[in-house]
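Next come the structures, one after another.
First subunit A sits with subunit B, and in the next complex the same chain sits with subunit C.
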Partner chain A sequence: MAKLGKKRRVRGIESKKSLYGRMFVLPWEIGIILFFLVPIGQSIWYSFTEVWLDPIEGITTYFTGLENFKYILNEDPKFVDNLTTSLTNFTYSLPIIVIVSFIFAVVLNQKFKGRVLFRSLYFLPVIIATGVVMEFLTQSVGGNQNPIIQLSTDASNAYVSGGIDFEGVLNSLNFPAEITELMAKYINMIFNLLWDCGVQIVLFIAGLQTIPEQLYEVSKVEGATSWEEFWYITLPMVSNTLLLVIIYTIIDLLTKTTDPVMTQAYNLMNMNQNYYHSSAMMWMFFAIVGVITAAVLFLYNRICARRWN
Partner chain B sequence: MFKFKKQYFRADHLKVSHRDQYKRFTRSKAGNFFYSFFLIAFGLFSILPMIYSILTSFKPLDELLVYPPRFFVIRPTIENYTVIPSLLDNLAVPLSRYIFNSVFISVVTTVLHVVVASMGAFVLSKSNVYGKKIIFSIIQFSLLYNSYTLAIPRYLIYSYLGMIDTYWVYILPMIPSSMGVFLMKQYMDAAVPTALIEAARIDGAGTFRVFWQLVMPIVKPGWLTLTLFAFRDLWQLIEGGTVFSEELKTLPSAASTIAAGGLTRQGSAMAVTVIMMIPPILVYMISQGSVTKTMSSSGIK
Partner chain C sequence: MNFKSIDLKAYKNDPLQRKKAASKVGSWIFKAFRIFFLLSVGYIIIYPLLSMISYSLISRVDLYDPSIVWVPKHFTASNYTVAVEAMGYFKALWNTVYKCVFSALLEVASCSLVAYGLARFKFKENGLLFGIVLLTAIVPVQVYIIPSYLNYRFFELGGVIPFINDNIVGPIGGWFGNPELAIPTNLINSPLAFYLPALFGVGIRSGLFIFIYRQFFLGLPKELEEASWIDGAGPFKTFLRVVIPSSGVVFLTVTIFAIIWYWNDYYQSIMFFNQDFPLAVSLNGITGVLQGMGYAYEKSLGPTMAGCLLFIAPMLLMYAILQKQFIASIDRVGIVG
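Right after this comes the complex of A and B.
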């Protein structure tokens, strides 16, 4: 009996604590249910139905099963193309971004004068270049006044450097047109790359700073070269950060508002009021993102974790 | 979803990171030169568009129309800035109202978001609240998802709650953003020892007091980082489909109006862009040191 009584008392305290906890987390829970879970549920439902705006009843849905998915894959003129473009861009951007931001992080993590200033320099695009400012910088408010240039620039390629008309500048230097175009394209690509790396650089720097200095001292005493230090100390020690960066980059690249699939889905929804196809597209795409993320996690656990941990 | 095999991060690492523990390299002079050159070149390159927009905002009209565009400004003028209020004359609402709206919305929402996220994270990190695991997987799931794809279902909820065309539509949906809870939880896991909380409890502090007077000061770098990210997003916020009254619109939408004016308004559009860049940079300067510190703990789990 005594034992039982004790047990009950403990549970009493626990439940009181739990009640407090519930109170603390409740505002957030209500918010996430209202503004995330319910819309998500609705959007899943839309992707399996046909939705139209009824003048009397408002939004009306009719269950059609997998019809929407069949339609976007087989009949939609642009979806498959957009999906391929998006995934191709992703495939080459991911390794480049991860490697470049790692190199920058290693360099910025070293001791030199004005380190903080330089880190800020690389992080600045992350802070400024979102929303309207980003739009202005990409939509070339400042450059591209020439209507010919405006026409020749592919509107779907939203480049950061649009504010500066590199093509115009290069044209004025009287290079052949092909070289100009190519150079402008590569300069723009470098810009996009650098502007995508901000958060990743910070993550890597943070990861590098958690490596204890002693490990390097020991390895130096043991006579390891810097190459070996990199492969046997630095890389294994940042492997967690590496995974985090890869996943962050996947999500960042594939859920960008400039992504062709996202743009198409958004335009369908807002301009054509075609909620069901747009929802189906988003869920299809989201499933692909999920599969890629899962694959990366699986590979990481299979290969890297086994070797390094 | 984010399951890591091993945890490298403990509270004592955070303390160590203050110290100078950077690896010292002995480089040749050429190497040093290469390093500085590499850093300066790419650093400048990455902020080139910003420099360009600042320069453009000081260009007089004739210089704006030069083709090919010139990078530097020859005869700087502040006309582009002084003309902004008069450009909005036909909008019925003065420029000050847009600025007030933007500042009001960003400050109030940022504060609420940080408080709500920290409270949630505190509980998720340090107590056994019911459904903790489910909540955390929902957080991870929602991190994968782009909120802007939920526009239509969200609109239905806003209209059901009567939030359309009010300040609420800016404020309420932004409060439960899951990035905040995720970051704060990871940081609290790493930075706040459970023993400290237990000690405070034994000394008679209630849950609220533990949270407000003990945990919040410890995780200051965490919520400063969160403030930076939240402020950045909120400052740029345009609610296109849900706010129709001109007096409730924010500075970014006024900026779009100016930019829509065409070629001759490029200077002013750039001037507004430059003005819009300033507040996030100020917030960044305040929270600058905290960002790396917080990120170093976000790698767990």
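Right after this comes the complex of A and C.
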């Protein structure tokens, strides 16, 4: 009898806790229903239909099943190309960004003179890169060549690489022209990636700061090398942040407006008023992004969480 | 017997001392390399800012002088006055503060609650809700901007608000001699179009903020909260008294990001407002305005750069202020661990 009572009490606390959890989440659920699900549902619905915009009758839709998806995959001249370009860029950018921003965060988290200054400096990309200012930096101003950036030869890529003419430097080294061009391209690309690292650096620094100092003191007393300190303290303690940064980077890289697939879809939507093909493109792309995100979460739970937590 | 020399020899050959000397040299090399590394990459980052400052101060005469690279011979502040006029700077700044910054602060609060619920409490639909959080982070606002414009334009909650207006608010207004009284159903041009989503935790990049909070809350040790539970504090009191004080770093991080992303938002502001635009919109339109004022083509370079600087200056100031808090809050983190 006593046993039964105890069991019931435990379950009572659990159900109370889940009630509390639901209370914390409830306002957000209302918000999601009011401001997110309805517009999103409409956009998904468009991808399975044909949509006409009429000034008098408004929006008319006609259900066509998977026709839009078949069209963009089989007949659209550019979609598959854009998709592969986008995913290739993503594959090499993701590890570079995560590793580079982690290195910067570790360095900026060390105690040295001028650290506050450098931190503010490395925060600049967050302020500049997400907004209108970046557009002014990467476009021509008032019809003139923008003096601040180098526009590459195809003019669609702008490199914000400190006004250094890498191609000129490489040319003076007398390498063959193809190698020079390729190297200049990759150097500029790496510098461009720096501009995508701002948020990640801030997140990593915040994560590193939550590691209690005592852990390092204990490890010093125990005689651990800094290599061991890194593997057994720093990395496990920032593992939550690491997952956060990886997923943020995935989403940021793939869904930013300069991504080829997103650019194509936005152009279709805004210039040609083609809501059905653009919606189909986007939702197919988001499905891919979702699968990548889910795979990363799954791998993290399988490998890292088990080892570190 | 030369005692000293023997001692010195032994000292020099002592492996521990040798290791110490080597590590000292190593740390000097490391420090020098660190500064070199930070400065060289920092140059790339600060270059646009420096050139913006340089071009904003340059007078038009010097623009054509090839001998002038960074520091102009004739300084001028006229670019700034032109930019302030072209952007309607102070009015736009006020609009940004009461529309964007306020929404950002609402979002900082609402997202933390949701994330705490997801991170600390187990309930059946927890995983599903976390999936939706990620979905809101993945789908950019441009995708659903038109349906949400219509949503705000006719904000009737499926007929609920008109019903309330007809049967409750209208008659009450009638008693007080104001039969026109009604809950507004058109949120376009009202700051509510920014406040409401932020209040419910679905504002700009809210999915990301919830995710940031969740990851940090997962890393907090549970013991303090459990102690607070045992002491009889409810979940909300625990959140206010225990969780918030020990997660200063994450709150500051999210505050900084929220303010910056609301400040930089251009797309939603131009959709949901027809007038009283925030700074991002007026900066975006500065080229056209400058042309109207007679500053076309290369003449517009100086004022445009001045405008960009005026746009980012408040954000830099905010970061400088919060950065100090950041460092102060680190000391408190130790208590938790």
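The working rule: the second predicted complex is superposed on the first by the 225 of 309 C-alpha atoms of A that agree within 3 Å, B and C clash if a C-alpha of one lies under 4 Å from a C-alpha of the other, contacts with A are read in each partner's own complex, and residues count from 1 in each chain.
Following the convention adopted for this analysis, a residue touches a chain if its C-beta (ideal position, glycine included) is under 8 Å from a C-beta of that chain, and two chains touch if they have at least 3 such contacts.
Computed from a prediction, not measured in an experiment: that's the story for all the values here.
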>> Quick one: is A:K111 in contact with subunit B, with subunit C, with both, or with neither? Answer first, second, both or neither.
In response: first
> Should A:I303 be classified as contacting the first partner (subunit B), the second (subunit C), both, or neither?
Replying inline: neither
> Between subunit B (first) and subunit C (second), which, if any, makes contact with A:I40: first, second, both or neither?
Replying inline: both
>> Just checking: does A:L215 make contact with subunit B only, subunit C only, both, or neither of them? Give me first, second, both or neither.
In response: second
> A:G31 contacts which: subunit B (first), subunit C (second), both, neither?
Replying inline: both
>> By the touch definition at the top of the document, which applies to A:M262: first (subunit B), second (subunit C), both, or neither?
In response: both
> Which partner does A:I190 contact after superposing on A: first (subunit B), second (subunit C), both, neither?
Replying inline: first
> Between subunit B and subunit C, which residues of subunit A are contacted by each of them?
Replying inline: 14, 17-18, 20-22, 24-25, 27-32, 34-36, 38-40, 42-43, 104, 107-108, 110, 112, 116, 118-125, 127-128, 130-133, 135-137, 141-143, 160-161, 163-164, 191, 194-195, 202-203, 206-207, 209-210, 212-213, 237, 240-241, 243-244, 247, 251, 255, 257, 262, 266, 282, 286, 289-290, 293
>> Show me the residue ranges of subunit A that touch subunit B in the complex, using the header's touch definition.
In response: 14, 17-18, 20-22, 24-25, 27-32, 34-40, 42-43, 46, 59, 104, 107-112, 116, 118-125, 127-137, 139, 141-143, 145-146, 160-161, 163-165, 168-169, 171-172, 190-191, 194-195, 202-203, 205-207, 209-210, 212-213, 216, 237, 240-241, 243-244, 247, 251, 255, 257, 262, 265-266, 269-270, 275, 282, 286, 289-290, 293, 297, 301, 305, 309
> Of all residues in subunit A, which touch subunit C in the complex?
Replying inline: 14, 17-25, 27-32, 34-36, 38-40, 42-43, 104, 107-108, 110, 112, 116, 118-128, 130-133, 135-137, 141-144, 147-149, 160-164, 191, 194-195, 199, 202-203, 206-207, 209-215, 237, 240-241, 243-244, 247-248, 251, 255, 257, 262, 266, 279, 282, 286, 289-290, 293
>> Going by the contact rule set out above, which residues of subunit C touch subunit A in the complex?
In response: 31, 34, 37-38, 41-49, 51-52, 55, 110, 113-114, 116-118, 120-124, 126, 129, 132, 134-140, 142-144, 147-148, 151, 157, 196-197, 199-202, 208, 210-212, 215-216, 218-219, 235, 239, 249-250, 252-253, 256-257, 260-261, 263-264, 266, 280, 283-284, 287, 290, 296-301, 304-305, 308, 311-312, 315-316, 319-320, 323, 327, 330, 333-334, 336-337
> In their shared complex, at which residues does subunit B touch subunit A?
Replying inline: 1-6, 8-9, 13, 16-17, 20-25, 35-36, 38-39, 42-50, 52-53, 56, 64-65, 67-69, 71, 116-117, 119-120, 122-124, 127-130, 135, 138, 142-154, 156-157, 161, 172-173, 175-176, 178, 181, 207, 211, 228, 232-233, 235-238, 241, 252, 255-256, 259, 263, 266, 269-270, 273, 276-277, 280-281, 284, 288, 291-300
